[in-house]
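The following block contains the structure, expressed as structure tokens.
Letters are used for the chains, namely A, B and C, taken in the order the chains are written, and counting of residues starts over at 1 for each.
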Amino acid sequence: MSTRPATLDTMRRLPEYLVIWVPLLLAAGHLISFALWTIWVSFTPSTLVPVTGWVGLRNYNAVLATRNWNIAFDNLLLFGTAFVLLSLLMGLGLAILLDQRIRGENVLRSIFLYPLALSFVVTGTAWSWLLNPGIGIQKLVNNLGWTSFRFDWLIDRDMAIWTIVIAAVWQSSGFAMALFLAGLRSVDADLVKAAQIDGAGPLRIYRRVILPVLWPITVTVVVIQLQFAITTFDLVRALTGGGPGIATQLPALVVYDFMFQRGLLGRGAAAAVLMLLTLLAVLLPYWAWRYVQHRRASRA
Amino acid sequence: MHRGAFTPGRAFVYAVVCLIAAAYLLPFAVVALNSLRTAEEIAQTSMIGWPQSWAFGNYAIAWDKFCVAQTCSGIQPYMANSALVTIPATIISTLLGAVAGYAVSLWRFPGDRWIYGIITIGIFLPQQMRLLPWTIVLRETALTNTLTGLVLIHTIQGLSFTTLFCRNYYVAIPQELMRAARIDGAGFFRIFWRIVLPLSPPILIVTVIWQFTHIWNEFLYGVTFTTGQQQPVTAALISLTAAVADVPQHGVQSAAVMIAALPTLLVYLFGGRYFVRGLTAGAVK
Amino acid sequence: MSALTIRDVSKKFGATEVLKDINLEIGSGEFTVLVGPSGCGKSTLLNIIAGLERQSAGTIRIADRVVNDVAPKDRDIAMVFQSYALYPSMTVRQNITFGMECRNVPRPQRDEAVARVARLLQIEALLERKPAQLSGGQRQRVAMGRALVRDPLLFLFDEPLSNLDAQLRVEMRMEIKQLHQRLGSTMVYVTHDQIEAMTLATRIAVMRQGVVQQFADPETVYNRPANLFVARFMGAPPMNTLPARLEAAPDGTVAVIGDVRLPVPAEAGRWIGREVVLGIRPECIAESTRHFTDTPGAVITMTAPVEMVEPTGAETIVVLRLGNERVLGRVSPDLRHRPGDTAPFTVDTRKVSLFDPTTGDRVV
């Protein structure tokens, strides 16, 4: 009846405590102390080395006033929105297509998912070649005879951010597909039978019975993809290096720039905390939503 | 909608799916093909094309001759670095995560919920929040610019995921099994060795594959805390592919990219099922 | 000597009290069944006896040794679980010997013990298999084997048959009973199934909401339930309980239910003139040709309208009106009553129970 796990009341021996607590304290302790320490540094006048002192919000104001950060944040809004929407659509589309009992589903699924196993450095490099007008797709089309064809987003200040969207969607939409497909497959077969007996056609069953199951998954996918977008670093480094100029800066690059290229640790830490706050703006509502869902489910 | 019935609608589905699949394969196929083309051939046409003469020599050059920033050792030392970081960090973090997951899921002790809650934060806390503290820790322990330093970082950072994976797997072990074992007189370690660990291969494979892929592919820590000959392959690759200043070497560079991608790609080919399970398990926390 | 003494044991989970002052004294060789609806605390009590959970107050004594602070492995007990809890990665043999392995029993002794138990339970052929390769019934046997091999002071069973299908459950029930008769060990058995309780127990403890309602042998629990809860919980279909009024009659006391007057035991005399709840088992109401007893006055015959008929094969349950109350009776399957008929019935009044309508406690 009661399924509470056993208590460790009989555990009086040291090795057991060590084995339990060392990894747990390492895992939990470093997170808390590291996060708190970075937050603390963001309020100090630290430059090349961390120093004590209190400058209030000066680092934050400084970061928020830089062009670098503002461009990065604008880019994040554009990139985040476009990337999440496109990979959601792509993932859902692929999941629905694969759900049509087609042949070779396993092979196709592997193809859509393989970019996830690759380093962003690898994929970023591959895309930087493809999108490079001098050697990539533009060159190919030009060689084929259409000499006026232009596809030079990579070196176009206004369009360069879209190359990151393309590469990111290509790399991550398989993840959305995997979750959506799992959701589609989790629909109770009896539910579909009941709908068939009610006289619903395949399309109506899909729209009214199956797709509604997906919306909690959609929220999860959106949150995870946003989390990825906010922390994107490697892909940009490999694909555009933040350029042309600083046209494709993202917050994670700004943090790195402050900390290790300009030696402004206080500002770097402040930028990192701003990143964390952005992330929390996504995660806290999500956790609240999950909590409500959980409460509702356990009450039912 | 039955398998085999071929209608115009299904033909359309197949056409669309195959087209998208081709698009997904394209970037990697381009790199793979270029790794077998000569630099001249690429310069004359474009990155996209079928090799006219198979330049297998690209791989040999990329492996141990190609020059990056004055050192002409190819990609080989960086591959060794990545292996020396990834393999120990994967093994240690998986083992520690298994024990921690076991303790958190199957035993009760004061503070267990709190500890577990904090560990899950590690899934979300951005790496940027940990960069500075790691800088200090590595400096204090004299591990800056060493592979040991990277092993330390990846082991400890990996604990969040490995603990979470194992914990979520172990909570499904029935409490009655634990009770039976306690009545039989088995303690913390014996239950782990004789009962829990033999049940663990599926989750250990998932965890190992997840850790291996992520540590191998990791870039930020590698580029921040190591330089020159100590860099893992992802960090080295950036400087290598960026070395386009003098003569473009796209064939050899492609070969280098292929070599760097190969370990995780092989893991994916042979353990794809477990890799995807890790992906979705990480998502549905 | 008592094998198990439970004194003033209570258990709280936070603010909820799942066990309230439990007192049970179980003699050596007894087969005690803890029975009750889910959530009554019976499994918690068993876990406390095993030492898997700690009571909030009170003492547990096994063979006159207080075991409050003794770990489960040192209590000299064995336990069979509902899910069998076989270690999935071990063979049957390893499952059975795991306890001995933990106690560092030498290998020859282990082999000997396994052989003995395997013979007893006829699982010799299964010893090298893994639990996943066994059927439900075989797993159940292995779980029993793991308990038997310990030769403990006390066997604990936590709903061991509830995962078996109906037919197997009956077979295993008989085997457990035979085993108890053969070994003469002390057993404590938890179930929610009152038939299991009746068939297996030498004594039954009926529990509800953390309180033992009655602790007695099966016959007493069935025929003289301590209160309305026990009356309705034990027996299927359950005991009929009807509001009645006791009146004095020339030849003793009668219970008046509408227009029906049932003679009741003379001890009920002090309740004359008051309302009671009358309990009568369905098997005490039968067709008019049934012969219950020769005792004069113990049996009455009456006619009643039939509302519904449920044939079960071996007998037929009839729902009829008795003084405007619905009651169940058990009649011969040869009778072909139809709803709406009015038919004669015989009522055996010797085993009538009377309960206080406010407290629910037994009056007579």
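One rule holds for everything that comes next: contacts are C-beta pairs under 8 Å (C-beta built on N, C-alpha and C of every residue); 3 or more make two chains touch, one makes a residue touch a chain.
Keep in mind it's a predicted model, so treat the numbers as computed, not measured.
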Fill in the blank from the handout: The chain whose C-alpha centroid lies farthest from that of chain A is chain C
Completion exercise
The pair of chains with the most residue-pair contacts is A-B
Handout entry: Cα-centroid distance, chain A relative to chain B, in whole angstrom
Key = 16
Fill in the blank from the handout: Rounded to the nearest Å, the gap between Cα centres of chain A and chain C is 58
Completion exercise
The positions of chain B in contact with two or more other chains are 179, 182
Practice task
Check each residue of chain A and list the ones that touch at least two other chains.
Solution key: 4, 6-7, 10
Practice task
Would you mind listing the residues of chain C that make contact with two or more other chains?
Solution key: 47, 52, 71
Completion exercise
The chain B residues in contact with chain A across the complex are 1-3, 10, 13-14, 16-17, 20-21, 23-28, 30-31, 34, 42-43, 45-49, 96-97, 99-100, 103-109, 115, 118-119, 121-122, 124-134, 136, 156, 159-160, 163, 175, 178-179, 182, 187-189, 213, 216-220, 223-224, 234, 237-238, 241-242, 248, 250, 253-254, 257, 260-261, 264-265, 267-268, 272, 275-276, 279-280, 283-284
Completion exercise
chain B partner, complex, touching residues on chain C are 47, 50, 52, 71-74, 77-79, 81-83, 85-90, 98-99, 102-103, 146, 158
Fill in the blank from the handout: Note: in the complex, chain A contacts chain B through residues 3-8, 10-11, 15-16, 19-20, 22-28, 30-35, 37-38, 41, 50, 94, 97-98, 100-103, 108, 110-123, 125-130, 132, 135-137, 139-140, 143, 170, 174-175, 178-179, 182, 202, 220-221, 224, 227, 230-231, 233-234, 237-238, 241, 252, 255-256, 259-260, 265, 268-269, 271-273, 275-276, 279, 283
Exercise for the section: Could you please specify the touching residues of chain B with respect to chain C in the complex? Expected result: 174, 176-177, 179-186, 190, 194-195, 198-199
